[in-house]
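The structure follows.
Here the chain labels run A, B and C in written order, and each chain numbers its own residues starting at 1.
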Amino acid sequence: MKSFLIVSLLALSNIAYSQTGDHSIKRYIKVPAGYLMVLRQGDSILVELEKLAVTEKIPAASFTGMGFVNITFGFFDFKTKKYNPKAFNEVELASMNGTLAWQKGKASIHAHGVVTDKNFQAFGGHILKGVVSTGSVEIIITLHDRPLERKFEEPLGANVLSLD
Amino acid sequence: MKSFLIVSLLALSNIAYSQTGDHSIKRYIKVPAGYLMVLRQGDSILVELEKLAVTEKIPAASFTGMGFVNITFGFFDFKTKKYNPKAFNEVELASMNGTLAWQKGKASIHAHGVVTDKNFQAFGGHILKGVVSTGSVEIIITLHDRPLERKFEEPLGANVLSLD
Amino acid sequence: MKSFLIVSLLALSNIAYSQTGDHSIKRYIKVPAGYLMVLRQGDSILVELEKLAVTEKIPAASFTGMGFVNITFGFFDFKTKKYNPKAFNEVELASMNGTLAWQKGKASIHAHGVVTDKNFQAFGGHILKGVVSTGSVEIIITLHDRPLERKFEEPLGANVLSLD
């Protein structure tokens, strides 16, 4: 019944408009695999993916993407249990891979990226924040059909996508 | 007559032969998600994707891939409105992410890649040209079901995949 | 008939438990595109993908993924016909792209990856071995519907995914 409702809601709302930036431009459309998202200058990648999850009631998804961004990666320090952040601006997003799931009722995005600068050097890691720069970001979101939860696991000390 | 039959059979069987390199080897097959493409030494990645789009009348698609290449990346200079190019030869294509759409009646490929050299160092960016080197390039093309156009936008000064 | 059997077998066994690590935790589930795999600390990426192929009788597949790993890349030396290996430990797997096929009756995984270290520097190449470190690895496996074979080709001197 829940699945039926989700499918019905998806069918009713297969396009959407962003709540940031120019409201008159669609940020995503429904495609056979799930959704195709094109983000615009100033859009936050993680925020837009969270909004997509909530608006379209996505149970779970995997995604890949690319574009041009200002981005902050974080490398997790298991001693301090914190991410050491570093920002890279005006860089190509050469690749982005991630999953969309839920954690304690909130949409939870886990995304890794590789960026390349004007010298074509590559950097990357866990995406803490990514904002579209002078260009766009194109993302293909492949839908899964059952709700998936991200759970914090001890003694690992990290969130893991649960398949149970 | 024989040629006509062969062409007809090709049309019927949803497969295709490349017009470059060895003509007797299939470059792609139809798969549930769209197409699986395997390019051969000397094949141009962008040219083969454009030919796929035209031959199979693809409305739009997203793709990911990997392989072994000679490649030229370009970093866009917004002042000169030109791409500064740099070539990397005999490198692994560690990742490729992109989309296939149309612009003014022509197939338009937008692809980003990351390559790695014999020291495992990574470089990458916007792909201006990529040719298969000693090995192959494997690409999975995920089909979208509506025609999409890439449009040059001002004042951004860049092409953006339009969802309208 | 063969396809019917494969589909039937897939339907009968749409979840699976890993034979390494904690046996009580599912390593993958069936999703519309194919399978979603979440590997755990100590799991070998290539071994788990091979087990998936055998257990689920997968004809062929493409996959993408990301996570946190200890990994060994190899760069092929065409003179010695050997891979020069290099290990990177405790690194983010920023991207992984590959295909699953068969070679002489055995599952054959071809995967390229990009990893990033605590300084966000990127390295990568052909994956010889990858083991999940303190975290997980998430992989989306997109199924193809016909059995594909990887064949060693001369004079190229490399394995190529055959579409014939």
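Following the convention adopted for this analysis, a residue touches a chain if its C-beta (ideal position, glycine included) is under 8 Å from a C-beta of that chain, and two chains touch if they have at least 3 such contacts.
Since we're looking at a predicted model, the values are computed, not measured.
Participant: Which chains, if any, touch subunit A and subunit B both?
Facilitator: For subunit A paired with subunit B, the chains in contact with each are C, in label order.
Participant: Since subunit A and subunit C are copies that touch, just let me know if over half of their interface numbering is common to both, same, or not, different.
Facilitator: Counting which numbers both chains contribute, under half are shared, so the two copies meet through different residues.
Participant: What is the distance, in whole Å, between the centres of subunit A and subunit C, each centre taken as the mean of its C-alpha atoms?
Facilitator: 23
Participant: If I count partner chains per residue in subunit A, which residues reach a count of at least 2?
Facilitator: Residues 33, 64, 95, 114, 122, 142.
Participant: Provide the residue numbers of subunit B that touch subunit A in the complex, in ascending order.
Facilitator: So the residues of subunit B touching subunit A come out as 33, 60, 62, 64, 73, 75-76, 78, 84, 86, 88, 95, 97-99, 110-114, 122-126, 142-146, 148, 156-158, 160-164.
Participant: In the complex formed with subunit A, which residues of subunit C make contact?
Facilitator: Its residues touching subunit A are 15, 25-29, 31-33, 36, 38, 40-41, 64-68, 92-96, 114, 116-118, 120-122, 134-136, 138, 140, 142.
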